[in-house]
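Several structures are given next for inspection.
First chain A sits with chain B, and in the next complex the same chain sits with chain C.
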Partner chain A sequence: MNVALCPRMAFRGVIGGFAFFAIGALAGCSKAAPAEPSSNLETVPVTSIPGHESLLEDTSRKSEARLIPQETLIRNYLSIFGGLSPIDLQTRLRAGSTNLFDSWTDYLGALGFPNYESDLPRASRTNALMLASFERIGVALCDKAAEADLGKNARALTDRTVFRFEMPAAAAPLDTQGFTQRFDVLHRTFLSYPVALAPSDRVTNFFALYKDILARHQARDAGVFTSTPAQSAWAAVCYGLVRHPEFHLY
Partner chain B sequence: MPFPSSTASRRPRALRPPLAPRNHRWPALAVLSVGFFEAQNAAAAPPILSLQDYRAFRSLSVDLQGRLPTLSELDARESSGFSLNGFVDDRLQAGTYASTLRRVYMDRLRLDLSSAFQYVPAANTLRRYAVTTESGASVPVYFRAGQRRQRPETDGVFCLTEAESGLRFPPNAAAVGTAKPVSQAALDAATVLVKPWWLYRDYTTASPTQRFGSNWPESTANFLPAPLLLKENGATDTTFVRVCREEAQATPTGPVMLTRRTPVASGISPPFGRYSQLPLDSGYATAHPTEVLDCTSGLALPNSSACGCGQGLERCIPGTTYNNDPPGFVLPTNSVLGEHMPLGTATGSRSSWSRYWWGEEAAQFLERSFGEDRDVRSLLVGKGTWVNGPLAAFYKFGAGVSWGTGREQAFAYTSPLPVIEPSALPSLAIHDTDSWLPITDRGPNAAGLLTMPIFLTKYATRRARAHAVYQAFLCKDFVAANVALSPSEDPDLAKRPGCSGCHTILEPMSAYFARNVESTWTWLPISNFPVDAPMCRKQGNGSVNASCPTFYDSSFATTSSSFLKGAYGSPANADRGPAGLGADVAASPDFARCVVSTVADALMPGGLGEGDSLASASFTKTFVENGYRIRPLLRAMFTSDIYRSTSNLSSAAWRAAEAP
Partner chain C sequence: MLHQDRRHFLQLLSAGALSRLVAGPISRALAAESAAASDDFFVFIHCSGGWDVTLWSDPRTTATSVIDPPSTEFVDTARLRLWQDAPLDGTTKTFEPIVRGNLRFGPGIGGLVDFADRLTLINGVAMNTVSHPDGTYYSSTGRHLSGGRPVAPSADVCVADALAGTQLFPVVSFRYPTAYVGSSLSPRCLPLQVDTVDTIAKSLLRAQTTTNETDRDAVNLMLSAEASTLLGSSALTTSLQGYKLQIETLRKMSGDSLGPLFSSSALKAANFTPATYAGRFQGATAVNFSFAVEAMKRNAIRSISLTCGGFDTHNTNYRSHGENQQETFDLVASFLRALDGAPHPTKAGAKLTDHVHILITSDFCRTPNINTSGGRDHYPNNTSVIISPKFRGGTSFGSSRASDLLPQNSGTFADGPRPVAPPDLLATLLSSAGIDPRRYLRDGEVVSAILRAP
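Let's turn to the complex of A and B:
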C-alpha cells in the first residue's frame, strides 16, 4: 500500500477536520494546497511512515450476511416443523381457533418472494413487514409444535419434530445445565451450531425468558391457558430462535 | 435418558466450553483452503469445529440442498470421517443444487405470464350455458363459440335457440330471458351425451369406466378439475356431460361448409333471437369449396361444421361458465418449491391452464438441465425439452389453432409448422401432469428456452426477446448514451441519432426473432416468407399489397425490395433464427463469464468483484474446459477460499499483513 507524502490527503477522509489541521501543520502542508491529490505526487509504502511499521492488515474477504432465499426459508419451516407439504402444514396451522396463520399465499409478498407475473423482483433485504411476517409465521409454527411435542397429549419422544427432549418431572424445575442441554437441541436445529459457540449471554438470556414465561403461567389459574406452563415457556424460546437474525441470514 | 439416541452424541459437545472464542485469529490462510478439509479428515479424532466451520457448512447446505442442515447432518459434520469435499460431491451428484439454479435463472428471466395475457382460442375452448330440461332440472350444455352448424338458427353460436330454451345467448355473457323447459326432442336433436377426457382416464375407449379419482395413477396427482366440472349442482358426481352435437364430433377432417349467404343490410336485426347475423362464407371457403380441412387447424372452426373437439372432447379445454376466460381447473397459485409442493391452489381460468404449463416447461427445463449436468449452452441451442401430459396435448392439438384465418392466407401458410414435431411427442395422457418425459429433438427451429411458448409470449416483441437474451446470458444491458436527440424520420433506429447507441446492437439481435411471430410462437418459414418478398414491394403508385403490412415492414419497402418485419437489422440473422442467436451467444466469451457471474452472484454475497478477477478467470476456465457443465463450476466455487469466506461475518479476522 502506498500513500502520498502529504498525509493531509491520505488521512483527510478518515480523521476529520480537526486532525486534518493538526497533521497538516505537522507535515508542513500548506492550507492553500489543492483539495485533490495530483497524479505526480510521490508515493511511499505505508509501512515507511513512522508508527506504521508493524501495521496489521485484514486481507480476508468481507461481506455482509445474506438473507436466506425465500424458497429456502419455506423449506426450512417445512423440514424443521414436521416434513409436511406446504398445504398440509397450512391446514395444520389453521386448525383450531387460534387464527394465527392465514395462508402461504397471503405471506409470499411480505416474505419477499418475486412475482414473475408482475416482474416484481425478489427482496434481498429485510423490511418491517417482512419481519412481522417472520414473527407471525414463527409464532404459529412454534405454538403448534409445542402443543404436539410438549402438550397434554404429547407425542412420543421419537416422534417429536422440534422439541426432541424429555421434560423434567412437573415438580422439578430446570437448572441452567438442564436448560442448556435442551436449548442446545433447539439451537442446533434452528441456527445450525452448538450453543456453546454462541455469544456467552445467549443461554442466560433465553433461560431468563424461559423462567419468566414459566413463572407468569404458573402464577395464574391453570384454567386460563390451554397450554401447560412449560409448554408455553418452551414455545417462547422457539419464538426467539425462529425469528432470530441468524435463522434468516447466512 | 433425557435425549433421544439421535442427539445423544451431541450432548457432551453441547456442554463443553466454547471451542473457539469469538473473534479469535485464524492461524493462516490455509485455514480456508481445501487442503485443510482433507487434513481434518485424516485425523482419527473428531475434528474441533469453530463457529466459522459451522457457518460454512450451513451455507453449503443452503446453497447445495436448498435448506438448513438437519441434526443428523450436523452430527455427520462433527464426526471424524467427514469429508467436506465428499459432501459437496455427493450433493452435486444428487442434483439437489438444481432448484437453486432454477431460482437464479427464473429470477433473471421471470418466465411467468400475468392474467393480462389471455389465451382463449375459440377452437379449443368449451364454455357452457345451463338450460332447463323437461324434468325441470338445470343442465349445463357445453359449446364452442363460433362453431359452424348446418342449422341456420344456431350456425356460429350456441346450439339451442330462444324458441327452444326461452333464452338468448349473448357472447361471453349470461343468458338473457326466462328459461323454459327444452323438449327432450330438441335437446336430443341439438346435443349429445359424452364421457369427456376430464372425467375419464380411458376416454378413448368405446365405453369409458375409469372415472376421475378411481385408481388413477400417481402421474395424475396434480390433475384436478374444478368442482363444477366434477359434480352436478355441487352434489352428484357427473358421469356424462351434455355437449352440442357438432362439438362432440371426433372425425379428424371435415369438408368446407359453403352456404352462399349474402350480407344482410345494416339495420336489420339478427334472426331467431340471435345476437349476430348468420355467418357468411369466408374468403377461404369460397376459394376452396371442395377442400377437406384438418380438424386441428385454425381453419376448421370457422369453415367446417363437421369438425368438433375429437374423441372424448380431447382437443378442447372445458370451462364452467359462459365467460370469455372461464374457470376450469385447480392449479397451484405458486409452485416455487416445485409443482409437487404448491404453496396454494385455486381454480384457474382457461388461460391459466395454458400459462401455468408453459411456465412449468421452462422451470422443468432449467431444473433438469442443471440437475442432469447438461451443457449449459443447451439453454440457448438445445433441441430438446421435457413435457408432461397437458403440454403434450397442447403441442399436439392446441399450438396451431390460432392460425390460418388471417393475412397468412395470402402467403399460402394456413397450416403452421408444428412447434414440436408430432412424431417426437411422448405418449402421455393429458391427465399426466406429474409425468415429465424428455423430447430429444423438437425440430430444426428449436433453440433451448428461446423457442418455448413461455419465452415468446413473456417477451412478446422481437426486441424484448433480444433484450432478455442480452441481459440474462451476456450479463449486459442497454444504457442510453448521453447525447442530444435530434429529430429524425429515418425508420432505421440503428441510424437515428440518440437511438443508434443501443439499436446498433439491438436491431441485428432482434432480427434473429423475425421469423417468430410477435406475441406467439408461430414460425414463418423462408419458403412462404422470404426476407424480400416481391409481392410486398412498393407498387408504382407507392401502395403496398394489403396483405403485406401484417408481415412486412412497409417503412422499408421500395419498388425493388421489401423486408420481413424485424429483418432489416440483419437479413442473415433473420434466416438463422433463434437457433442462430443461441449459437452466437453461446460462442461468445461473454457467455461463459456471464454464467460464472450469475452463479457467483447467487452463491456469494456481492458476487465476484473487481478484486476477484483472478478467481473469476479461474472459474470461467474451469467451466469452459469442462464442457460448459455446471457441476465442475459449482465444485470449484464451493471449495474455493472465496466461497468459504463469504460466510465469515467476523470483522476481526485479522491476519498479519504481507509485505506491501
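Let's turn to the complex of A and C:
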C-alpha cells in the first residue's frame, strides 16, 4: 500500500517527525507490499488495474480558434518559401511577373497589423479583405514556388522549398495513392501534421481540386499560361493549404 | 406582512424573469426576422478632429468675454462662398448668418445649405470630454472609452447586425471609429475596415500566369467546404463561421459584377465632378463617398461609415477650418444629389435617397475663444446632423448657452432635465430603423421630438 493512502500514518509522520513516520509506515502500511527485487516486477497495462479501465481525457477546445499573430504569419511565409528576408522575398516575387506582388507594406493593414499612427488596433479576427490579401500573397508565393520546384528548370529535389516530391511522368495520371503521398509532403509543410490525421474528406477535397484544375488546363481552350497543367494544379493545391483555416487559425 | 411582501416581490421578479426568458429570444428573433427584410441603408460620417460649430451650425457673431466669433482676423474668408461681411470690431468683420426656415447657419455649411429642409440639426450635444479618442468613440458608440478601449459596438455595426440580411458587406468602414464589441454580434457583421477603396482594389489584384479566376474560385469553393468540415467538429464556431462567410464574400468580390466597385478610377468616373476629387481637404475621401453610392446602387452594403479629417485646428491652421467645413458639406451635398438621382436597387419606383439615413458627427467642438496661437482648442459641446426621411427635416433641437457655448438642457429625460447627448441620438436613430436601442445601447433615450410621425 502506498504511504499516501494511509492518512493516519502521514499525520503521525508530520507530528512525530520523519523517523517516527518511516517506522510507522513500515509497521502499519507495508504488510501488503512484498519486498521483492525490482527485476521480478511484472509490468501490466494501466487499463488492467482496477479503476483504470478507461481514462477520460477532455480534448475539446476551451476557447475560440484564434488568429495567428501577423508577425508569425509573415515569418511562416518566409520560412516555408525559402527562409529569405522579407525584402529578398518581395524582390523575388516581383521579378519577371506582372501583377504578382508589389510590396509587403501595401498589405500590412489588410493583414491586420496595428497602425499606431492611425490609431488602428491589431485585427484579432479574419475579415473578407484579410482573406483577399491572404489569397493575393498565397497566389504569389505558390506560383513562384511551383515555377522553381516544378517548372522547366526545376531545382533538384533536395534544393526544393515546397514541392519536395518527384512528379510522375507526363503521361501518367496520378491516382489517389500517388496524390496522397505527394499531398502529405505539402500538408506536413503547411499544416505541420500528416494528412492521415486530418479530417477524412481532406484528401478527397484536395484531390478533386487537383483533378479539376489539371483537366481544365489540359483542355485545348484553357488559355495562355506560362506553367504546365500539372504545375498549375499543384500551385492551386498550394493555394488551398497556404490559405487553409488551419494555417491561419489555431 | 413583510414576509408576504417579499414573497410577492420575488414571485413578480421570477415571473418577470421567466417572461423575459421566454419572450426575449423569440421577440429578438422576430425583430431580427422583420429587420432582415430592411431596404434601408445607413451612412455614418465622422468629421475627425473636432469642428468649430460657430462657423456653421451654431453661428456666433457677437463678441463676449468668452466668445470670439469667427472673424476676418483669424479666418481665410476669400474661399468661403457664403461668407458675407458683417460688422464686428472696427475693420475686423464677422459673417452674416444664413437663415433657412428655422435654421441659422454659418458660412461653413457650404453646399449643404441647399438641403436645409432635410437637415435635423442637434445643437448643444453634451460630450463631457475633450479627448479625441474618447469623443470620437462616444459619438459612434454612445459610451466613453474604458481603459482606452471602446466598450460597446458602434452604431454602424449595430444597424448592420440588426439589418444586414444577406448583404455582401454588412458594414464597410473607412477610417471611422468603428467598434465591433460584444459577444452577441453576428460574425457576418464584422466590419471591413480600410483607409480607402484602393486598399481593397490592390488586395483583389491577381496575376494570370499560372491560374485564372475560375481556378481560384475553385480553390475558394474547396476552402469553404474545408471550413464546413472543421465547423462540424467544433463546439466553438464563431471564428470558423466568420472565415466561411468571408470566403463566400471574397468569391463575390472577385466576380466581374463587383469589379468596378473597387476601382478608384471607375468610381471617380461614376459620381461627382472632377473638382470634388481634386479637393484640398476631402478630395481623397470623395472616392469613398462614391463607393458608398455605387455599393448602395448594387445593394451590396447595409451600413457604411466614413471619416472626413483635418478639423483639429489649434493654431494658424484654423484659418482654413471654414474651408474644410465647406468642402466637407459640399461633398455631403454632392452625395445627396447622387442619391437623389439613383433608383433604389430592390424597390421598384423608389428613390435611393428615400431609404438612406445619414448621421454626421464630430469628436466635440472647438473653444469659443481664440487661443494665443490663433486657433481654437477642444470644447465639450457638439453638433450632430441627421439626414433621414424618418426624421423631421429643417428642424433644430437642443442648444448651447449664449454666454459660453456650453450645452444647456434640451428637455426632460428619465434622469431629469439635461442636455441631449450622443447615446440619445444613437438610440433615436436605431429606434427610427425599428431596432430596439436596448439591444445595443446601455444609455440613451429616444428623442421623439425630432422624429417624423409614423
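List of remarks:
The rule is simple: the second predicted complex is superposed on the first by the 183 of 250 C-alpha atoms of A that agree within 3 Å, B and C clash if a C-alpha of one lies under 4 Å from a C-alpha of the other, contacts with A are read in each partner's own complex, and residues count from 1 in each chain.
One rule holds for everything that comes next: a residue touches a chain if its C-beta (ideal position, glycine included) is under 8 Å from a C-beta of that chain, and two chains touch if they have at least 3 such contacts.
Remember, predicted model here, so these are calculated numbers, not experimental data.
When the two structures are aligned on the shared chain, A:Phe163 is found in touch with neither chain B nor chain C.
Within the superposed three-chain model, A:Ser85 lies in touch with chain B and out of touch with chain C [touch as defined at top]. Of the two partner chains, chain C is the only one that A:Leu131 touches; chain B does not reach it. Contacts of A:Asp212 after superposition on the shared chain: chain C is touched, whereas chain B is not. Contact with neither chain B nor chain C is seen for A:Phe179 once the two complexes are overlaid on the shared chain. Contact with both chain B and chain C is seen for A:Pro199 once the two complexes are overlaid on the shared chain. Legend: residue contacts after superposition of the two complexes on their common chain; A:Pro69 is shown touching chain B, with no touch to chain C.
The contact surfaces that chain B and chain C form on chain A in the two complexes overlap at residues 60-61, 63-66, 118-119, 199.
Those residues of chain A that touch chain C in the complex are listed here as 60-61, 63-67, 97-100, 102, 106-107, 109-110, 118-120, 125-133, 135-136, 139-140, 142-143, 146-147, 199, 201-202, 205-206, 208-209, 212-213, 216-217, 223, 225-227, 231-232, 235-236, 239-240, 243-246, 248-249.
Residue ranges of chain C in contact with chain A, taken from their complex: 133, 169, 175, 187, 190-195, 199-200, 202-212, 214-216, 218-220, 222-223, 225-227, 229-230, 233-236, 238-240, 242-243, 246-247, 249-250, 253-254. Chain A contributes residues 1-2, 45-47, 55-66, 68-72, 74-76, 79-80, 85-87, 90, 103-105, 108, 113-114, 116-119, 121-122, 157-158, 160, 164-166, 177, 180-182, 184-185, 188-190, 192-197, 199-200, 250 to its touches with chain B in the complex. Per the touch definition, chain B reaches chain A in the complex via residues 1-4, 6-7, 10-11, 13-20, 22, 26, 32, 50-51, 54-55, 57-59, 61-62, 66-71, 74, 99-100, 103, 106-107, 110-115, 333-334, 336-337, 341-345, 359, 604-606, 641-642, 645-649, 651, 653-660.
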